[in-house]
């Protein structure tokens, strides 16, 4: 399951670059319309990098899987697979309100799918398992979900509120968090 | 063989999203023509997820392979590789009768290829092997093949008959089936 | 090296399907222009399947690699990576003479690259190694190279001579060959 | 981390071929506009091959990773993922000055990202580790970075200066390692 998930996330993160359409001109001005697409690509690259990172750590602690886990995992991959689509839509429309909001909806769905996956894993491994204590209360996960919900709504007012909130989530996760790693090495 | 197959299925399931063409408008109305493509994407994602799941379990029980198995496996992957094409054709034509029928023909061919693969595996491992008893009579596989055949024909009358039958196959497989897992853990 | 090569071949074999452009109509007639592209896709799928199969068996017997081997391998992957391009060109032009000939040139280059790779492996492992005896005189490899050369030239006269010769190469390799497997299991 | 990185590099190196647009004509003349794109594809294929090769060797010596390493690695993959985009831009504009310069900027950024990754790995493993002594002064790495900087600037004067310098970097890395490195470290 880990190899398959790693493969799918690797493909998603890479094919996003196919949405960077090659400009027709050969000067710097020709790159201008690509800039917002590139910017949204950078954001999504970081977001998917965070998912890969967390997912990778999560699966390290997994000892057995069943059909429910496999499908909870595919459900997460489904929402992540929509990221290239909403990234391109957001970028090509220069961060218009609706695409920025829909981008948040997809991230929100992925966050919920990740939560469902962790719950399924805990229910299979038991509440006293290493996995369960490692996941803990998952404060960052719940916080992110809340921020995505706010971001998706507020982008309809001003696109940059939503966008800033997505960047905020990225920063929250990029700040080193040795909690899970620590518990796993103990 | 498992790594290669997992890789191919991971790529197929992911590149399908490239068929979701980014709409030009920036409002919700611009998303409307994407809805049927997204719907057919969801269906195919689930179908390929089922194949990955079954294929993954099947290969766990495999102990040795020969050239015939490798080609039976590639034959299956060939039909699965056509899924993105028929998915996009079906979605972009808003589930017109012929594309819905052809979608069923590809699924039917994949189901037959899967059956051929299991037969080749059983003939190599012997009828009394764990693998053979694990596969058993493969009731679900035969049922699915029959439904695909019916669906491909009936879609020509009404598209939604075929579509509903595809959904039915998905439901049949999504219902937990611990038979194979049980036999394997024994 | 094996994982990377398997990954690249899996991607090449799968992205080829992206060249099957979704037709605009929704009836069977709309599929007509896709037929030659599909036919050339089937041929290339089999060809790449043969390469994957042989390459996979070859690497099983490899015990150590150096920089030269890595580059000989990348050289082979380079030519294989051009297969989707020439496949699409051949298919979209309904097997016109020049594209059919260029298709053969790419296959010829891949066959030469495969030969160079086996020579580099033998020179590293020694002429009396299992690998060297397993590869042996590589009659099929040399025969294929000759047929590709003939096919590339003769397609300029009649496209179907070249095409038939490509099919002939595929058949030569699809006929079970337990020589390498036998030597490896000894 | 190695499997994921290998996967991403394998995908990047392969999807580049999707930028080779199938020409509409069926004669050799129709291939003419593809030639510069093919040429830039060959260059980038070699460049990514060098990265894969070095990265692969680097990770062999790695004994443990932390969050910082994972992100330094993703940072490298990000810049490599932009290679298909700048390759296509450079090729489709027949090596115009600005695209050739931007190509160098992306390679420069990737070289810096690789350097940052090696520093992070050394700081984690210690200055006396096998890894640190294996990386050594990394003369070739620093030299390449310098050449990229020069190439990116000089392409604005004459495109072929930049292009020749990229080829020079490729040659520096393709020349077998040990002899040269030994001489350089003496």
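Here the chain labels run A, B, C and D in written order, and each chain numbers its own residues starting at 1.
We adopt the following convention: contacts are C-beta pairs under 8 Å (C-beta built on N, C-alpha and C of every residue); 3 or more make two chains touch, one makes a residue touch a chain.
Quick caveat: nothing in here was measured; it's all calculated off a predicted structure.
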Interface overlap for chain B and chain C, more than half of numbers shared or less than half: same or different?
-> different
With centres defined as the mean of Cα atoms, the chain at greatest distance from chain D is chain B
With chain centres defined as C-alpha means, what is the inter-centre distance between chain B and chain D in Å?
-> 38
Between chain C and chain D, centroid-to-centroid distance (C-alpha), Å = 27
Where chain A touches two or more other chains simultaneously, the residues are 3, 7, 11, 15, 18
Contacts from chain A onto chain D in the complex sit at residues 3, 6-7, 9-11, 13-15, 17-18, 20, 22-23, 25-28, 31, 42, 45, 49, 52-53, 56, 174, 176-178, 181
Of chain A, residues touching chain B in the complex = 1, 3-4, 7-8, 11-12, 15, 18-19, 66-68, 70-71, 74, 77-78, 81-82, 84-85, 88-89, 92-93, 96-99, 102
